[in-house]
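Each of the next two complexes has chain A plus one more chain, namely chain B in the first and chain C in the second.
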Partner chain A sequence: MNLALFFQQVVNGLAIGSVYAIFALGYTLIFSILGIINFAHSAIFTLGAYFTYALMGARFGFNGLLAQTALPFGLPFPLAVLGGGLLAGGMGVLVERAAFRPLRNRGADPLLMLVSSLGVAVALVNIIQYLVGAEAYSYPNALAGLPPSINLGVGGVPLIMRTVLVVIFIISMLILFALMRLMNHTKAGKALQAVAEDPVTASLLGINTDRLILLTFFISGFLGGIAGTLVGLSVTITGPYFGITFGLRGLAVLVLGGLGSIPGAVVGGLAIGIVEALVPPDLSGYKDAVAFAILLIVLFFRPQGLLGRTFIQKV
Partner chain B sequence: MTTPVLDIQQLSVAYGAVQALQAVSLTVSAGEIVTLLGANGAGKSTTLRAISRIIAIQSGSLRYDGRDLSSLRPDAVVKAGIAHVPEGRRVLTRLSVEDNLRLGAYVRSDKAGIADDLERTFTQFKRLAERRKQLAGTLSGGEQQMLAIARALMSRPRLLLLDEPSLGLAPIIVREIFAIIRDLNAAGTTILLVEQNAQLALKTATRGYVLEAGSITLSGSTAELAADDRVQKAYLG
Partner chain C sequence: MDSFFNQYGFLIVSMTFSALLALSLYLPLMAGQLSLASPAFYAIGGYIAAVLSTQIFPVESGAPFPLERLLLEMLIAAAVSGVLALLVGLPALRLRGVYLALATIALVEIVRVLSLNLEITGKAIGIFGIPQPFATKLDYLWISGVLLLVSAFFVYRLEHSRMGRAFAALREDELAAGAMGINPTTTKLLAFVLGAMLAGVVGAVSAHFLNTWNARQGTFDASILILAYVIIGGSRTFLGPIAGGLLLTALPEVLRALAGVPGLPPLAVSFLQDGRLIIYGVLIVLSTLFFPQGLITPALLRRWNRKGRA
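The block that comes next holds the complex of A and B.
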């Protein structure tokens, strides 16, 4: 691999990795607050992609209840992404109300919530299939007006990037930046950190923990929905199971970065993105294997993940 | 006596099959420091947790300022004017001293007032001022206790619940903390104090109750309590 190609692949990896990061952050936020992995997150990722598709006014295919229907209006892609993310955030809120809060109020074992979220994931995937069938969808003319590729090279050294990847990278970075601002510079963000560290003490400070958990699910769903849309944009929406394989990779990022660590999710996402991009094209079928091999190796030396805290069992 | 600010009648609390509180009645009037004495596991902390509504109550009534607390969420209790400094301090270790204090004012929305109170806190607690940007987890035990109290005060409570403020602290720090508690009271904050150190508690408070195995067995002015044989034997001996 020559140097120019290497750099190109690294930049490609950063773009995809940034999407992994925002997707994994959806898991991370919920894990940091509730200590559980929300398996429904991958289904929300899928839903987000479909929401954006629908909001663009695009028509659904030949199968399913919504066959051949489309919204009477179509939003331009940037607005549709935002709308898709917001709707996915709303779904996150519904999932919390339906699958998590009732169990939490009864003091159920966290394992039950995990199973419950898995049930929600399966249900959502089936509902999608029932509504719009199993075919693949791509966003129509999402980036109309932009050239298919952009040269980011300097001084005569070409660094040709697919425009889609540049757009994905920019959107992901904007979202990451906004999330960091929210977490570190707003009252709600500080309160979220308080609930994550010690929910009882947070309550004693007057923080309504249930409301903040809802907010967490909204943000998580929003991130998932945006990530789904961005992956759909870079390849296609492959069908109702779109998010499931991607979900595994998100989990790998979550564990690699360190469970519940926000910087960890970002670093882990970028790392896995780059590693995958550097897999030679003739071995591209083994991308997942490479990602998970890296995960295993890192965990062997750092069981808490790259930036995870060692968990000290409190008595 | 004036009508009490806090009026607890026949309060019972159970943790599963364990009866933690059994028909506890106590009152706190405005301006008082009332102390709850008792051995480990007698139900002192449970009483405070029930007032803060972070544990479920079985029966009985909890009234604050004429309002029924039993139907409130914990955050609404804070809004009503009660702040609780929990046992073991429970500062948010991964947030800075300043962020801990700001979160203490979570229920308030008067930005200017919060900024004033923050500055006042830093003048009052010099050591917190020096560590303003430091993570709370890096503070010493005494500093964490000061932070926990200062944080509770940021909600401008009228009733302060203090759970074992002296626990695990060196005597010199304990004296400092109790001087702060007396100052707060002199400035008008009503205090319900749970304290293992009965001598210190009786010296600080105006009235007290003795809890034994979830029931109140004795109550009276701190002078009366200090003179009581049973108290002498069990807690001051």
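The block that comes next holds the complex of A and C.
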């Protein structure tokens, strides 16, 4: 691999890695507050992609209950992405109300919440299939007016990037920036950090824990929905199951960064994106396993992840 | 009656496989460990049987596959699965909480990707023409049914042994169990390895039963399905996973029959036919909310016992 190609792959990896980062942040936020992994996150990722597709006014295929239907209006792609993210955030809130809150109120075993979120994921994915069938969808003319590739090279060295990846990288960075502002410079963000540190003390200090948990699920769903749309934009929505493999690889990001660590999710996402991009083409069949190999290695040698904290179990 | 068994032979044997796989997930869960690895070991067991029977000791076409070789394959599958589980489980089980679930998801995906890419597993196409030891599908019940009875009896005895009580103690409170002199890591490891061996054996039989084996046999979807058997059937007694595996595998047939009831609106018919997995998902959520111990609970069994004696 020559140097120019190497750099090109690293930059491609950064673009996909930035999507991993915002997706994994959705897992991380919920984990830092509730200490559980929300397996429905990958289904919300998928839903977000379909929401954006519908909001663009695009028509569904030949199978499913909604075959050959479309919304009477169509939004331009940037608005549709935002709308898709907001609707996905709303789904996140619904999932919290239906599958998590009743169990939390009863003080149920965290294992049950994990199982319940898996149940939600199975139901959502198959509802999508039931409604719009299993065919692949791609966003019609999403980036109309932009050239297919951009040269980011300096001097005489070309560095050709697909425009899609540049757009994806910019959107992800905007969202990361907004999230950092929210977490560090607003009252809600400070309250979220307080609840993550210690929910009981936070509620004694007058923080409404239940409302903050809803907010967390909304933000998490928003991040997942946007990530789904961005991946759909780069490769097409390959069907109702397209979130599953991405979602499982997102777990590797979560573990690599450290469960519950926000900077960890960003670093982990970028790292896994780059490593996957550097898999040589003749081994591309194994690309899907890279993230899981990383997951196992991290679990065995540094279970707290790159930036996670170790917890001391108290009796 | 004969025609019933011939028509549903495939379904009946599949039901016993599901019950066995549910038991393989139930074993680590007895010790409080959520492992989603059963499909990985199931896939590995199947590949062992498929490769051995088609390449290492092939029979001339038409002749039935000798039963003792099938038993040998089952033993090898159990041994390989057990050793692999030891290697993966030892580091993963030192950790608490959700780490084992994550490690086992990674294992399932790695096994799937490897079998899609390796020459010996037939890549994406898989392995075809796995020889048949029996004349009909229903005859597989001689293996799977006996295996189910033996495993059920084994797990039943385990629940009432010192080791089984150690499992239960770990499940309730790992710290307290450790203080009582139970070694958490070895105990959890034993539960995990036993589950893996059972899944490997089931895979070996299933490869012959299905006649072909490929990367679609062990996926994350299968993990969730098996988890559903245990959670819905019951996760506090060995009868729960067995009932869950048997009933939920028969559910699609039941739904298909329901869809055939005349006078149903077309929407309901299409939902009963295509919405099976939606129903599974909703059932999983509802049982965690309303039957956190599953449908068959120890309390229910005690009540039955009392009624039986009165």
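Keep this in mind: the second predicted complex is superposed on the first by the 310 of 315 C-alpha atoms of A that agree within 3 Å, B and C clash if a C-alpha of one lies under 4 Å from a C-alpha of the other, contacts with A are read in each partner's own complex, and residues count from 1 in each chain.
We take it that a residue touches a chain if its C-beta (ideal position, glycine included) is under 8 Å from a C-beta of that chain, and two chains touch if they have at least 3 such contacts.
These numbers come from a predicted model, not from an experiment.
The superposed arrangement places chain B and chain C next to each other on chain A without a clash. Legend: residue contacts after superposition of the two complexes on their common chain; A:Ala191 is shown touching chain B, with no touch to chain C. In the superposition on chain A, contact of A:Ile127 is made with chain C only, not with chain B.
Once the two complexes are laid over each other on the shared chain, residue contacts for A:Pro281 go to neither chain B nor chain C. In the overlay built on the shared chain, the residue A:Gly156 is in contact with neither chain B nor chain C. In the superposition on chain A, contact of A:Pro148 is made with neither chain B nor chain C. Greater residue coverage of chain A by touch, when chain B is weighed against chain C, goes to C. Measuring only between alpha carbons, the smallest separation of chain B from chain C in this overlay is 17 Å.
Residues of chain A that lie in the contact sets of both chain B and chain C are absent, per the superposition on chain A. Within the complex formed with chain C, the chain A residues making contact are 36-37, 65, 98-99, 102-103, 108-116, 118-127, 129-130, 244-245, 248, 251-252, 255, 259, 285-286, 288-289, 292-293, 295-296, 299-300, 303, 313, 315. Those residues of chain A that touch chain B in the shared complex are 187, 190-191, 193-194, 197-198, 200-209. On the chain C side of its complex with chain A, the touching residues are 32, 34, 88, 91-92, 95-99, 101-103, 105-107, 109-110, 113-114, 116-117, 175, 220-221, 224, 227-228, 231, 270-271, 274-275, 277-278, 280-285, 288-289, 292. Those residues of chain B that touch chain A in the complex are listed here as 52, 54, 73-75, 78-79, 83-84, 86, 90, 92-95, 99, 102-104, 106-107, 151, 155.
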